[in-house]
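Both of the next two complexes hold chain A, though its partner changes from chain B to chain C.
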Partner chain A sequence: MATPAQTQPTPKRWSLGRLGRVAWPYLLLFPTVALLFIFTIYPLLQGILMSFFTRGIVVVPQVESTHPVFIGLDNYTHLLGDKNFQVALLKTIGFVVVAVPLQLAVSLALAVLLAPQSRVNAFVRTIVFFPSMISMLIVGVIWAWLFGRNSGLINYVLSLFGIDAVPWLEDELLAQIAVVIVWVWGGAGFNMMVLIAGLTAIPNDLYEAAAIDNTSKWRQFTRITVPLLQPSIVVVVVLGIIEAFKVYELVVSLTTGGPGRATVYLIQNIYETAFRTVNQAGAAAAQSVVLFVILMVLTILQLRFARKRS
Partner chain B sequence: MKLMKLGTIALALSTAMLSPVFASELKLMWYVDGDEQEAKLRGLLDQYTAANPDTTFDLQIVPYETTGTKFQQFAASGSFPDVSLSSSMPPIIRPFLVDWAEVNGPEWIDQFVAGWADGAKLDSKVIAAPLDVTAVGIYYNADAFAKAGVEIPADGWTWDEALPKFKEVAEKAGVRFPLVWDVSAHRFLTYEFQYGNHVFSEDEPLTVAMDDASWEKTMDQFIAMANEYMPPGLWSGASSDSPVDMFVNQQAVAYMSGSWQIGNFGDNAKFKWVAGPTPKGTVASSNVGGNYLLAFNTSAHLEESTAFVNWMTSPEIQAVYAKTFGLLPANKNAPAVDYASADAQAAVVAFQKELELSPRYAATDQAWPEMQATWDSIKAGITQAYVGQITTKDAVAGIRAAAEAAIAAGR
Partner chain C sequence: MTQTQSPWRYVGIAVVLLLFALPPIWLFLSSLKSQSEIFQWPPSLWPQAPTLQSYYDTFSRANFLLYFQNSAIVAVLSAVLAVTISVMAGYALAKFRFKGDTVFFLLIMSALMVPLQIVLIPVFLVLRDLGLLNTLAGLIIAPAATPSGVFLMRQYILTIPDSLLEAARIDKTPEWRILLRIIVPLALPAIGTLLAFNLVYRWNDYLWPFLIITEQEKWTVQLALANSVGRFGIDWPRLLSISVLSVLPMLVMFIALQKTLMNGLMAGAAKE
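And now, the complex of A and B:
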């Protein structure tokens, strides 16, 4: 009969080898976590903290007016009466609502058309993808030249047919439409490639079976392609919404926020508040926190919706 | 003998090896208009190094628009260049600026053009060295005027007299637009100056000195003028049309810009052009601007930095600098500048005369640092009023609010 002391398992000793085996995964993770903390988590927390203060974008010990002063939620309550912020937020939401579905539709159409392997399709895919490789700043400059009212290429071509110059960028509505068109043009190529990757993963047997059943092409698209492409569509929509909420470089180079302030979206408003007014970094941080919360909620909702559907 | 030779060689070698330790490389932050200007600037710096072999330069060219952000980064890190070009001295960098009254004495600043020199003063300190002066004014396509048989009056005219003439010239000479105007708050403000309006008081204590009703009336007039005489949509704030390109390509009879275009027109305008006289409103006014050189007290080569700035702002080099870049020298004692062409020479004389005729607020308004936080509201106000998003009353109220907020934010 064994004594209790004999039956109890011997506690494992923390040998150097075992310690190494346990610590190894954490060591491998450390650089990524450290970078994430330094470049994402810390700035995020710093931004949230900044939103409770009135302060300069840079705090200089020798310049008293830049020193942080705690004001609680004042920056947030101020946003309720800040017309520029509210208009910019509404315009941004409008831009997202119009531009993201439009870009998805265009990208999906291009993906379906250009997915089949052929030399012509490969060439056209390259052409369509090309704008995605250019900075949005450059895209804006190019289109500003094209859209110019008195010296733009498009109006010049129209004038050859006796058509009056169109105020593409000088009319409030047309300027907003122009920003949407150029944004879609600039990003559709990348989304098309994501969707083509998704399309190639759909088994061909499903289409063959549907064809045997005399299912129309449209029905195949809505009943096979779209449901099975959903993971890729979710990626495109989530990325699209985030990018659309952050639209800035394109607008600055295309319309500089004009005519008047017709195309001033949220990021430009945050920039102007932080860098172009005196000691308003806290107010700009509060606007950024609002944007962060909106994006986080939308992303969580979309991912949950996608999970439910799948 | 051998020992002496060896000793001499060793001394020469050690001197050669040690010399970089004593040499100073000054870090300069500068902005230029294109490669040609950068080459000219490097030529000038080489000239300084030739005379002062121990001082070399690490020239860092930045876009003018980014200088404000750069200063913020420098202030945050506490690491500044040795010398920088700037058109203003934002509060966050002031503790780091060399006091020229201490270096050269309090009277040193008096040798510079009065309005621009005032902007360098901060209480008893002088925190910047004036480098060049700019004036806002008009250019005419003299060929178009000659073709239309319309004379440009030597003794000036009012906007009411000039505008119909611009239109007449455009029609008779087949020029597309009577007038183009740089779409900037600074150039628009000149029009307000010409009707007696300005933003800030001319002296301490600093207050907002706007006559709102007069500002609104002038803004209404400007919008009417833009609608009738300028390219459609130019002042919407979204137009990609370039006024300077339109003038250089002979699509405009007159161009409201500034003295900094003289060099550009000298190189690129393929027609006869003249500067001024700029039409006046109720008063004649330009808008005094320009650039300063800033030396930072954080520099490890402070002596060399101040020597370089003193050299750049000395009367003789001011004349060379002004000629090289087609600018007006900031130093009043600079010898007469021999500009590249007769047209450029005449333009400089015309703008200098307009600066002299300008009211004092044409210099002080821009010299106040609070103006830096007011420019955006002026641009937003005039462009929004132009496209009808807000009334001119709202636009003026917005400018007033921004100016008051800038004063309240303190220095």
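And now, the complex of A and C:
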């Protein structure tokens, strides 16, 4: 039996320890939350606010035209008549619609081809994955060099078959196709790995049973592989859509947006609106908000979809 | 998956190998050609007189070592910082119940929806106000908080049994020691994977340096690269050699850490 005099110091020490314990998880979270607040959440709110103003990027007190002026939804209504923005938006959507299914098809074919365990397959998987390790800028450089009209390997190989030099990066349509091809090439290895992870989880006896029933390979693929692989396919498609909406770095080194404005997509248009035209920071912010809403809707749809599955 | 030994499979594999191995190899071979041979038509498939002239020019003219050094400093320090704070936050979210834990989790995850691309101007203003423009410190600190990193660490630390932590607490082990002596050693595989991926991302990153750095002495390799494209036409010999050089560290790391990187990715994907 402890007397009050003896127990008194104990709860005091205990409560100090308890205070530390309560604060500990918050301390652990602090750096991440603080950085996200400073470099993501606050800028997002600031950007949304900015989209209701006309202003320069940097507000210079002496320069009247850079001062923020509230204009309500004008930045948004102006987008309706902004040719550059509309073309960039349509081109980006077109890019997503073409590039994402193509990337899925290519990475699925690669996954099915290279999933079986063997030394050769492991080696080839490594080679296919390698482009995921290098920057999209360099992926662009590699292919700009291959696509060169009078210096590129591709046109040289075509010339062996008697085909005239193709102006890959000088023709509006061909340049857009080139961006799609290169984007798919750069991301295929990563997505292939995601799909192989899904494939290895499919029980082998399903295929064995199908083989006994003399089911064709194609039917096995459409009736067993694709349905059971659906969760991984959803990951590839959704991540692919989000990535494709942000396509830019690859364009910097492959086409720099040309010929003309043929391969200027949303991000480059936002950047050029902000930094290459005067006092259009608000307009650029409005374009960013449009892209943000698109990405947010897609992310929420993905979460819904993922929840329904599980 | 069933093993099929059909010859078509080998044809397929050969085509895949050609499509994926040839472009980088062609870049490398071209970088070894002389100024005149590089634009020769028809192109020589194998360099007739291999030379390191382009590399020599890159090093002597372009201050390349400095850009390389900047990139290395930024990649290593920012990867270490990112992993450190991800382990801390991941541990807090995995092993503690506290007021607002779900809110914090959702807050961090929702940042995934806000890529840098859509907040360029406001982030630029924040960096300016904090005096981080044109500093390597800005490049190290600003991108350090990564929702995906926190999520990966949280998922991994969840698998560490609570009983280990409780035993340590009964022994009155201070909390910071539990983190350093129990959590970190047990989470080492995930930490390794995350570190490797962060090194790759930060080394390859173009957008952050593009936003933060304008002074040429602070350029990273990727900025130097982007700046050899366009404006005055492309200086191919220089561009090819810079590209090869900038890929080299990634190639070495990839060969060394291939298993970690590819298996880490598979494990991450399997959890989706």
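We take it that the second predicted complex is superposed on the first by the 242 of 310 C-alpha atoms of A that agree within 3 Å, B and C clash if a C-alpha of one lies under 4 Å from a C-alpha of the other, contacts with A are read in each partner's own complex, and residues count from 1 in each chain.
Note that contacts are C-beta pairs under 8 Å (C-beta built on N, C-alpha and C of every residue); 3 or more make two chains touch, one makes a residue touch a chain.
All of these numbers come straight from a predicted model, not from anything done at the bench.
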| item | value |
| --- | --- |
| Which of chain B and chain C A:299 touches, first, second, both or neither | second |
| Which superposed partner A:128 touches (first chain B, second chain C, both, neither) | second |
| First, second, both or neither for A:194, with chain B first and chain C second | second |
| Which superposed partner A:226 touches (first chain B, second chain C, both, neither) | neither |
| Partner chain in contact with A:90 - chain B first, chain C second, else both or neither | neither |
| Partner chain(s) touched by A:278 [first = chain B, second = chain C, both, neither] | first |
| Which superposed partner A:24 touches (first chain B, second chain C, both, neither) | second |
| If touched residues of chain A are counted for chain B and for chain C, the larger one | C |
| Partner chain in contact with A:145 - chain B first, chain C second, else both or neither | both |
| Chain B versus chain C as contact partner of A:157, first or second or both or neither | neither |
| Chain B and chain C footprints on chain A, overlapping residues | 57-58, 144-145, 150-151, 256 |
| Interfacial residue positions of chain C with respect to chain A in the complex | 1-4, 9, 12-13, 16-17, 19-21, 23-24, 26-27, 30, 38-39, 41-43, 85-86, 88-89, 91-93, 96, 98, 101, 104, 107-108, 111-115, 117-126, 128, 130, 141-145, 147, 150, 175, 179, 200, 203-207, 222, 225-226, 229-230, 234, 236, 239-240, 243, 246-247, 250-251, 253-254, 258, 261-262, 265-267, 269-270, 272 |
| Chain B partner contacts - residues on chain A that touch it in the complex | 56-60, 62-66, 144-145, 147-152, 165, 167, 169-170, 172, 175, 255-263, 272, 275-279 |
| In the complex with chain C, residue positions of chain A that touch it | 20-22, 24-26, 28-29, 31-33, 35-36, 38-44, 46-47, 50, 57-58, 110, 112-116, 118, 120-121, 124-131, 133-138, 141-146, 150-151, 153, 156, 159, 185, 189-190, 193-194, 196-202, 204, 207-208, 211, 217, 231-232, 235, 246, 248-249, 252-253, 256, 267, 270-271, 274, 281, 284-285, 288-289, 291-292, 295-296, 299, 306 |
| Parts of chain B lying in touch with chain A, wherever the complex brings them together | 68-69, 72-73, 75-76, 91-92, 94-96, 176-177, 231-234, 236-242, 245-246, 373, 376, 380, 383-384, 386-387, 389-390, 402, 405-406, 409-411 |
